[in-house]
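Multiple structures are listed underneath, in structure tokens.
You will see two complexes here that share chain A, one where it goes with chain B and one where it goes with chain C.
Showing the complex of A and B:
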């Protein structure tokens, strides 16, 4: 809505008088069309957000009456070392996920973008994890990694028979691995589409100039994929804030608190410990972090200079 | 003229879309999973897992065919998932008519929020029903002298199970004292067998160790003080000693490798015992029935041994004290309609603890909380275990309800989280006591 209104303001003074009236009318009509979307946004995003903000100043066990708590929830949560543990883990998983997933999905995307038959066949296999729900993936990995009845004992591979989900640092590494296993196919798909958009003529020209495959990758493919990388990274980074189902089923935040990320911490406080107030504080913190990250990534992409990368083509 | 035309068109578009939007928003508020079957009756949520699921389904089916107008619709959930789901459903006003639970602190939060029916008067009108059950089973159903739940099912003390075959092989006797425990740990580790099986990811499984140890070391009074919220009651030296003993046991590899990633919901901990990968297991008496069903004649061939939790040298607790679940509890949602409530009460009276159900529980190796069952227990093929459980529950000077059910949900979650860390040795016993002390009164 705000977009439509602001364009109306910008264009009105520059256009001729007769146009101005018509333009204004059309924009008003267009503004009406945003009403349904706006309604959904209000009902499902703004109202719950406001509710959470209000709840963060109350004490409520989720069942009984809601009482005012002033700032006490905020003070207690901000003084709780559990919050900083959860924040640290969230960012650790975010960064590690990006570092693991981006190169793999970029290379797989470039590979599957090729037109050979065998590549298409392999691509189908790569995309399989995308079809499974997070809970199913978590249950499957949990069963496979069971230290006593899992895959390693079944196949007689003692080096695999670690207590994967029972030792804090192993559990954390495993969570990052399983997240990558599940989401790499999705990002591969994004990169595959991005690579296929690159005009063939660029590569033909490079070949004439004598550039090899590796040089072509670094000087054509990678720069041309700049916006794809930003899109994929935004999805990865903001999405990592909401990793919940997989970790909840796989480790439940354990062992100890070693995989208790922010979203899980919020759930456990709210729905296990019946502390809706402190859980709402964490929800507000999550929203703020998500907003800040999204803004930062958009800046990184150069919001104002969405120039074409195909100038002169 | 253009303007009225466009605005009317956009208004029509808006009008056409509004019903969808309204439908989409209201859809969230209408009948949820807790709704009752069409044509009267009540809804109920119950725990999945055998043998109880089949027992309950048969009881419900029998009641339904005798009372076609008051059918009970049951949905089954896994234990750990259920505990969260029921709380959320009650808070959202979507609870089933019959709320299954463990009584204690959780029931208290429901009762104080007026979410469950006060059944005191109804029990007074039905003295036969009230006198049918063990008097002790009403303790955890009572909040401020009012009864909010029907005790049912069976009494489930925590028992130390052991694998007789492995003990014979080792030439060992089941532990009578904590020193025996520590020396058995050495014996079995030397044999390449894990001393104790434990489903530590579920956390309440680890809690059972603390419940017994604290009782044996400090006596029942220590937890009673905690339960009553007395200041600094968690800082009792007995708590610290309990934590120290547990960490010594963990350090001595007392528990099976990988215990903190084993979940009790899958019964993997029981499988470790009956497949001979672990020699002992501290667990609820309900696992007897499950092991009898899953253990391929492990129980039937008499390979499963069971003893009371060992004593601790210099401890104050009575070795006859027990911990566990005094019964299962069922409450009626105060948000249910009158017909639903009546159907539920009828089911409570006529459907839930029938002779058939009582016999089924006994056959699956459990002691129903019904008076006058001694003869039935004596004629059962599982009489050895049944009498053991019956005597344990009956003769215990103090039978402590499981801590996570006795305490408020807030304190219970903090307790489970800190127990997990204590077993991982990421906090010291002193830190454990201090962390828990901060939850008193919450």
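Showing the complex of A and C:
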């Protein structure tokens, strides 16, 4: 990505000979071209964003009239242990997903970027999960984990025959595993691209110096992948706020509330319990977390002047 | 670099098993009869392979859901790419505070989990009398996809050498003509890439259809899968046949244009 960003910043100087009036006209004509995109974005992204803030101060059941509620939604949600449960789970799943997915994706990215033919062949199969919808993945794993007619019997591994969806910590582990199964291929693809951009000459020089594969990995590959790691991590972390559909179909937030992350909590409060006000409070919190994380990660990669990671998303 | 790396190879095969076993299980189970499902080893090939599950899924109106998904995907992706391309062109070619502001706003849009806006979107769609229509799914999908699409397309338009723009200008072409005759053909690969990326997201999207539609005849595939598994939870082979069927079109795309699809999937994150 750092490449794309650097080209982004190399804006070519416009000809100095054009006079100001002509330029003004040109810019006005160009400004009109942004209007359709601007209209859609304002109408269906910016207005709803403002709307969610407003709705957090109202009471609405999703059908009837909308009434003012003052701060009461905020007070009730902030006093609700359910919020802290959802917050904790969201961050737990975020961190666990990052810890599981990053090393696997990075290693697989390096692996599939290699020139050996069998690696290219394996890569074709590695990327299959990318084609599936979250609903399809969740349904497939539910069937797969059936204690009698699934993997446990198929492989003859009794320890796989657990009540995966019925025991809180198992359900949580399962969610993290299935998320990794679905998203590691995407990040592998990003790392594969990053590895392919590392100049071959670095490895050739290391080879001459007698550095082995492991040394090369830690002294060339890993440092060269710094910006790829930040891009991938940003996508992973901000993306983890929206694992809604997978968890919704897989566990529905259960058992109990043990996998009820923020996005799911918002949906269940709003569209199941018909409490749109409190659900909007959760939505506002979700937006704030997303923004804070993106800014934090951007700062993390911000040492390099051209490397705005927001642009890398 | 040609040394045999045994641990890497081993890891590679293990990961292959993790990926392929679930896929294999889904496919073979979808070809089993009910008695085969209950009687055979779950990972054994079907003793009497059958297509009756697929027939059953197709009879449960899957062709209709397939059509709905296609309409929503095309109806969202084509406008997204078109208007984002125009905006990206203006952002790259123009100057001034307005265009900077627009660009900054789209960049902000990247950091916001837009799913969080689902409640006001639901409200707006009701007020616009669009609740329970396919158009209701397209409009927010377009808005959600604009920021990333503009970003990627503008990165590619910046790669077009400035001399080409200059010569167009000297030939007396307007910006409008320059956009269609020069920038569009030169960024075609990028356009295909973002179209694929957005297309997959809309095709596989679940939250918008879940919240914004209700009628069975307006279901898109992921939603249909979900309701199907609720209704036929006793018939796992049929449920898994529906999973296979819903993925089939994208699988065909993968086989035909793997490179294009994969570059579309990362949408230039590793350009």
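Remarks
Criterion: the second predicted complex is superposed on the first by the 254 of 313 C-alpha atoms of A that agree within 3 Å, B and C clash if a C-alpha of one lies under 4 Å from a C-alpha of the other, contacts with A are read in each partner's own complex, and residues count from 1 in each chain.
One rule holds for everything that comes next: a residue touches a chain if its C-beta (ideal position, glycine included) is under 8 Å from a C-beta of that chain, and two chains touch if they have at least 3 such contacts.
Since the model is a prediction, treat every value here as computed from it, not as a measurement.
Residue contacts after overlaying the shared chain place A:279 against chain C, while chain B stays out of touching range.
When the shared chain is aligned, chain B and chain C each come close enough to touch A:40.
Of the two partner chains, neither chain B nor chain C is touched by A:259. Within the superposed three-chain model, A:146 lies in touch with chain B and with chain C [touch as defined at top].
With both structures placed on the common chain, the touch criterion links A:65 to chain B but leaves chain C unconnected. By the document's definition of touching, both partners, chain B and chain C, reach A:271.
Chain A is touched at more residues by one of its partners, and among chain B and chain C that partner is C.
By the document's definition of touching, neither partner reaches A:73: not chain B, not chain C.
Residue contacts after overlaying the shared chain place A:238 against chain C, while chain B stays out of touching range. By the touch criterion defined above, A:290 reaches chain C but does not reach chain B. Overlap of the chain B and chain C interfaces on chain A comprises residues 26, 29, 32-33, 36, 40, 43, 62, 142, 146, 149, 271.
Here chain A touches chain C in the complex through residues 1, 3-5, 7-8, 10-15, 23, 26-27, 29-34, 36-38, 40-41, 43-49, 51-52, 54-55, 60, 62, 104, 107-108, 111, 114-115, 118-119, 122, 124-136, 139-144, 146, 149-151, 153-155, 181, 185-186, 189-194, 196-197, 203, 207, 213, 228, 231, 235, 238, 241-242, 244-245, 248-249, 263, 266-267, 270-271, 276, 279-280, 283-284, 286-287, 290-291, 293-295, 310-313, going by the rule given at the top.
By the touch criterion stated above, chain B contacts chain A in their complex at residues 2-3, 6-7, 9-11, 13-14, 17, 21, 24-25, 83-84, 87-88, 90-91, 109-110, 112-113, 115, 200-201, 203, 256-263, 268, 271-272, 277, 408-410, 412-414, 417, 420-421, 424, 426. Those residues of chain C that touch chain A in the complex are listed here as 1, 3, 5, 8-9, 11-13, 15-16, 18-23, 25-26, 29, 37-38, 41-44, 79, 83-84, 86-87, 89-96, 98-99, 102, 105-107, 109-124, 139-140, 142-144, 146-148, 150-151, 154-155, 158-159, 162, 166, 174-176, 179, 200, 203-207, 211, 221-223, 225-226, 229, 236, 239-240, 243, 246-247, 250-251, 254, 258, 262, 265-266, 268-271.
Here chain A touches chain B in the complex through residues 22, 25-26, 28-29, 32-33, 35-36, 39-40, 43, 61-65, 142, 145-149, 163-168, 171, 251-252, 254-257, 268, 271-275, going by the rule given at the top.
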